[in-house]
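Attaching a single structure in structure tokens format; questions to follow.
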């Protein structure tokens, strides 16, 4: 039956195309830390170009580990990680800076340079790319404006509130128009209004083509957006819903104690 | 009318008693940082022994500043701060350590000692008080157990996830049975289940007599507990409800963007 | 203070003394004290040579001809009684001639031309304090029966001036070096403290008193100072013995200190200095970072 | 590399060179180089004295009696032609007697007893290389018409041995000091780098290449090295001039280097060394903290 063979071929071509379309691909990745703690366990997944993915799961589930693998902050103890066609594990050290310019991260602990002002912190992310110095100023201020911190441009991290530092970290991650944006708990220290402002921002960036992966514990944001949700627990993927909520079931077990 | 005079006197005695009962008292306190940023503006308030108070408000509203004033991490530019009968502003430097043992804080940025394990970090808070070394071990492990981190006792902060570090910080704050517990965004990096676990813990501690002040952006926790809520904005108290919600009105403006 | 707390301080100090940053300070302390010790050894040897040279400075008092043995004895007694005189030795005219012959070397032939010994009897006088040689010589020359005195006038003055200069220069250089070493070691420990400023801040926020924070630093400073000094002391001791063997092989006439006591004393001084510097640095520099 | 980036490196390096931590390293560099420079000055002066002393070592060649002026001239020519001879001066028998009289001092009286001048005519021979004195003297003694030679045999050997020893010891001590200084300065800069390890880590996470991080450190190191060396150079220059004035006042017979050139050359060497050390330290030590 020649037709069956054709269907088979078409399917295989689709398969290949899908593989190519996948911006991020993890092949049975495990990360066990030297002290025996499990970061990730045999994770196999992919993320497409332009997707917006929530990473949820309890504290210590492996969300940060997942992101750190994509920027080569940690190397997997097993498996391969492909980001934008490059094998992160086998990459030469000299290629890492370029990976990190394409894959920007909003760090859970902000990781701001303490001796640089908010402005300089954001500008640094552009300077490393040897961007046109005339553009740096406008782009940095634009970015700070977007997170509502233009007025704090000249403050040092030590002079900023927790939420303000978090927003500087966000501004730094988005200033370079990255291919992939990893947002690790970007609204952990922000109030609801500001959080929604940041979500709008991330959505806008996502619309412009940037793939966004966001780790969060914020139920209402995840439930309000209805995007793909990957749930981790103990380093394993326990759920992967195309249009999911924070929890599989609606009941969120809010027991008022005392 | 002798009776009227009596009522007046009784009122005044009540007033005095109330003043005495107040564990924390701020008299028109302002904090303007050297760079001109406003931390607090003319705040006048009190907190009673045994109260459980939520401190809410947008990022940069002055919540952390409020707490830092109580532990003398910053000095007010104006006004007086009385904590447990002691004037924090006029206090001699040698008294400050004792203040900080009575008023423990869960820091927004955890502030763990990087060269000590989780266990040692918690133990340090007991050691400074020259506690009985035989009790230290049991109390520290108890405390780590309460935040669900007994298994990570030997891990260094750099080997812990964001939420785990936050819980070490919580364990350290509660281990010494403080008079006052200041919790600055203690669930910012925790998932809902763990957050409710922590809230149960704080409530239990509060029941044992510790006054708890908690700064948070977590709507559902504030709304679920119905305790006193002090709302700050731009350094001013804009609301002080005995049994309040995160917002005065129920509508929380959850606009789904995009 | 509880015993458990003291124990904690010791354990903490020792633990953090083993850290990377501290090992760097240790190296600096050891290197600095080694340099200082080397300088001290050089100065000690210069001083040794200078004292030996000074001890060799003698006054020769020539006697009038034809004195009776009693007269000679009387003069000897008078010289002996002179203030500042340490030792008096009689040099007969024959002995004097033999010595002169030795001094003249190749020219000694001219003495054969002289039929009779032209030299008078003399006394060799050793003084207590080389600086007062001229003064003592003048007094002796005034004793009746003394023909004249000779103490290599120009040479002695030059030698003494040089000695004094070496002494002053040595003291200045040593002072400079000690200052530099204290400065450098202090700086190094300050850097390690700065690198832990955040740690100190957190400790204060958790209710630690200043002394609770300072004690481990003090212990650490003392451990580092002690170990650093011990390392430099061992190196110095070994190095000095090697050097002594080399020198005595190459130029045996140069008098070096071979007794172990002064070198051992130096090592002990270095140890004390190391511990002191460590303690002061650990105790003092931390103070600046305690204002939180 | 873009010009803007280069400018950024310079600005960053300069900015952070002005920070607290860096000022401490600056002090250490200045102090270390000062100590090193002081040592170099001392060694330079010792070398100066040693060269002057060596230049004074002479061979005296006594001539047979009764030579004709032509014979004397022939001998002079032969001595002059001897390998290793630098300069030849004729010393007549009268001149020789006058000098001997000066040497004998108080004993000069014995020369009066000798009716006739017992000394022969002689040549004073200065050699090119003091170490080869004995060899040259032996050759000269074999020239016909030369009665014998005298070059203060024992003394010259001792002097040369001492000189050689001082030279070796100076070189060893200098090498030790240079090693110590490089070690100390390296350590100090390493500490400042460690204190900024977290900063470096963050820079790497934000996509900075290794060189992007290293360049500002390199600039900073060079600025610190240069300024530190300049400070120590100025102090040395001023201090040395003071010392020279003091020495020439106290002991004018001690020959010190008064020409400004060698001291200036030393300062330039210190500057170069400072910049080099700073650059190497800034460039090399940062590397260890780049593996993130």
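Going by the order they are written in, the chains are A, B, C and D; count residues from 1 in each one.
Quick note on the criterion: contacts are C-beta pairs under 8 Å (C-beta built on N, C-alpha and C of every residue); 3 or more make two chains touch, one makes a residue touch a chain.
Nothing here was measured: the structure is a model prediction, and the numbers come from that model.
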* Structure fact -> Note, CA centroid farthest from subunit A's centroid sits on chain C
* Separation of mean Cα positions, subunit C and subunit B [Å, integer] -> 64
* List the centre-to-centre spacing of subunit B and subunit D in whole Å, with centres computed as mean CA coordinates. => 69
* Between subunit D and subunit C, distance of the C-alpha-averaged centres to the nearest whole Å -> 24
* Structure fact -> Flagged in subunit D as touching 2+ other chains are none
* Return the residues of subunit A touching two or more other chains; collapse runs of consecutive numbers into ranges. => none
* Draw the chains as points, connect those that touch, then say whether the picture is a line, ring, star, complete or other. => ring
* Asked: Each pair of chains that touch: what are they?
  -> A-B, A-D, B-C, C-D
* To do: Could you please specify the touching residues of subunit B with respect to subunit A in the complex?
  => 33, 35, 37, 56-60, 63-64, 108-109, 152, 154-155, 159, 161-164, 166-167, 184-185, 188-196, 199-200, 203-204, 207, 217, 219-220, 224-225, 246, 252-258
* subunit A residues within the subunit D interface of the complex -> 71, 73, 94, 96-98, 100-101, 104-105, 107, 111-115, 124-125, 127-130, 132-133, 172, 176
* What residues on subunit D touch subunit A, complex-wise? -> 1-2, 4-5, 8, 16, 19, 199, 202-210, 212, 292
* Asked: Within the complex, which stretch of subunit C touches subunit D?
  -> 20-21, 24-25, 27-28, 31-32, 34-35, 38, 42, 62, 100, 105-107, 109-111, 113-114, 116, 118-119, 148, 150, 152, 158, 161-162, 164-165, 169, 172-173, 176-177, 180, 183-184, 187-188, 190-192, 194-195, 243, 247, 250-251, 253-254
